[in-house]
Amino acid sequence: MWKAFVRWFHRMASPPHFYAAATRWTPWFFWSALIVIAICAYGGLVLAPADYQQGDGFRIIYAHVPSAWMSLFIYVNMAIAAAIGLIWRIKLAHAVAASCAPIGASFTFLALATGSIWGKPMWGTWWVWDARLTSELILLFLYIGYMALRSAMEEPSRADRASAVLAIVGVVNVPIIHYSVVWWNTLHQGPTVSKIGEPSITWEMLWPMLGMMVGFMLFFGAILLTRVRAEVLARERNAKWIEEVAVS
Amino acid sequence: MENVGIFTAAARLVERDLKVIFRHVSEAFNPLVFFVVVATLFPLATSPDAALLRDMAPGVVWVAALLSSTLALDSLFKADMDDGTMEQLALSPQPLAWLLLAKIVTHWVVSGLPLVLIAPLVARGFFLPTEAILPMMAALALGTPTLSLIGAVGAALTAGVRRGGALLSLLVLPLSLPTMIFGARATDLAGLGEDPSGPLYLLAALLFLTLSLAPLAAAAAIRISLD
Amino acid sequence: MPLEYAPAHLESVLKRVCVRHAKGQVLQEQESIPRFSAHELELWRGDRCLFSNLAFAIGEGDCLHVTGPNGCGKTSLLRVLSGMSLAESGEVRWDGTRIERDRGTFNQAVFYVGHREGLKAHLSAVENLQFDLGIRRSYDQADIDAALERLAVTHCAKLPVRVLSAGQKRRVALARAVAARSRLWILDEPFTNLDVAGRDLISHLLDDHLSGGGLAVVAAHHDLPLRAGRRVPLEIS
């Protein structure tokens, strides 16, 4: 079982194999993402009852919470891919990390925007400096810093390795920043989904949100595979297998 | 002829770095002066109202300390990278992470420690209550080494990048935010007459975490920059 | 292992090394593992492949003379051999072990003098040497004085390095290699900035080093006049 996984992993690390596999998988990710998001959007926007305090305004949670979750999830993914690239010197892993960054930054921005839109009817301001939104902002800076470091270095292997170190250092900070949410005890509604103990919202409101997270992750998979394919084409532009792919 | 132990080697590196710094002592004061200047900007940009300044005091001290620390990072690795001595350190039989830690400690003693000692003057200028001064210094004494360590990783990553100063700030400031948050909070609580030990313990925890991990990350980054 | 200069055979020395069998059980004796070798080295810079399948093996008393046109990768090769740069693939071995596996041992044995002198400009030559030796081995002040004397820079040894001429700086840089008594010297264009007398001096130094059982890798444009030691040419095209 483990050996099969290791063999699969080594096969995937080869760009031509990965490219072919990614081309096959992308439509599956994309369509399943679309279906899941559609179902959960219906569930969240139509089926779920209005919150007794916030009315219909709370429904932005179905975009905000999954985006925030994705922004963290993608950062961790990026750091893991970077670490694999650094430790085992697998170029494809670096390509994956490089592709994750802009997607993660976009989700972070989306989380900030939806958080801001949520804040206006709820608290009357477009922005509050509460710890949760602020830590999303810090995460955005971390993403931007990562992308800036990458583009500052001309030598691709040096850019890969330096940004890998940065991603790993950043990921150690992510729980520390997250912890400061709990510690700060601020305006922001406490984390609405907790794995330990009862969630503070009802099931009818909860399932669309969890489903949206799954949908967003599938969507991320589709986009990531597309970006990595493009990245692989760019990095391997001088290799022979590219010609065969371009013809087919 | 025997090999040299790591403590002796570290001592020799500290000795050399101090010698180099003291041949140009005036440069070592720049981050300190910057700290005071930045702090001075705030009342001039807002108002000299005592109540306002007292509220701002912890934040101002910590923002100024953070900016000063980031400015000081320029002198940490750059000179060694330029004249080739960093290559020699990387090729020496001593562990690079350990040597870098020695460098960071020297750097902090010259740029961070004086800041901790000068901060009370700035804080008094902002009407911070007397009972808050000592906790503030404790917080700075725990926080500025952490800032130096995190900054060292950033400096190591951007060591080969031309005009990497702005990039360095962009990388280091977000990572330094937890330290600044806890430090400012500790100073704030002390100023209000409450117990600052919670954030102080958190600062200490951050310091120990960074102390154990940052030199390794910096060594990896230096090797990448030397490649 | 003591590093004092001792007479050594000019032919490659037969080394008896105990090598652990792959299963970790059986001890075998193997003969003539070269002291310093490279296997299938490949190095890229961006899109350009500088060299591939590069290999060599040298032993005590050998000097690898790396030649090639400007920009062909001599400096990059020397940096890979010293452990500073990472090759795309291939291995560099010291006494049969990959240098990444045991950096401490390799770094103790190697001394690299590159394009940049590696000296602190505001310290004197003596202070620089005191540091460089101080992190490598226990030493006497006499060792430093002797090395500076050898390189004929005693008269300016107490001045800050920044006031020295380019040639004098290079001599001080090489004095460190002499004083450190490293087994393997990796020198990148050691003759730059030196006058005729300086070049002769460096050749003599190399001769002494090689005849004492040392090894050297030297990148040099032109001929390497060696009176002792075996010259192993390596051209990168």
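Each chain gets a letter, A, B and C, in the order it is written, and its residues are counted from 1.
One rule holds for everything that comes next: a residue touches a chain if its C-beta (ideal position, glycine included) is under 8 Å from a C-beta of that chain, and two chains touch if they have at least 3 such contacts.
Here the structure is a predicted model, which means the values were calculated and not measured.
**Q** Hey, which chain is the most central one here, using CA centres?
**A** B
**Q** Which chain has its C-alpha centre farthest away from the C-alpha centre of chain C?
**A** A
**Q** Comparing A-C against B-C, which pair counts more contacting C-beta pairs?
**A** B-C
**Q** Roughly how far is chain A from chain B, going centre to centre by Cα mean, in whole Å?
**A** Going by mean C-alpha positions, chain A sits 32 Å from chain B.
**Q** Could you state the distance in Å from the CA-based centre of chain B to that of chain C?
**A** Result: the chain centres lie 37 Å from each other.
**Q** Roughly how many whole angstrom separate the Cα centroids of chain A and chain C?
**A** Once rounded, the distance between the two centres reads 48 Å.
**Q** Hunt down the residues of chain B that sit against at least two other chains at once, touch-wise.
**A** In chain B, 227 touch at least two other chains.
**Q** What are the residues of chain A that contact at least two other chains?
**A** Chain A, residues with two or more chain partners: 157.
**Q** Give every residue of chain A touching chain B within the complex, in rising order.
**A** Residue positions touching the partner: 138, 141-142, 144-145, 148-149, 152-153, 157-158, 161-162, 165-166, 168-170, 172-173, 176-177, 180, 183.
**Q** If you look only at chain B, which of its residues touch chain C in the complex?
**A** 1-4, 8-9, 12-13, 15-16, 19-20, 23-24, 82-85, 87-88, 90-95, 99, 223, 226-227
**Q** Inside the complex, what are the residues of chain C that reach chain A?
**A** Touch residues, chain C against chain A: 44-47.
**Q** Of all residues in chain A, which touch chain C in the complex?
**A** That would be residues 154-157, 238 of chain A.
**Q** Across the complex, what residues on chain B touch chain A?
**A** 153, 157-158, 160-161, 164, 167, 170-171, 173-175, 177-178, 181-182, 202, 206, 209, 213, 217, 220-221, 224-225, 227
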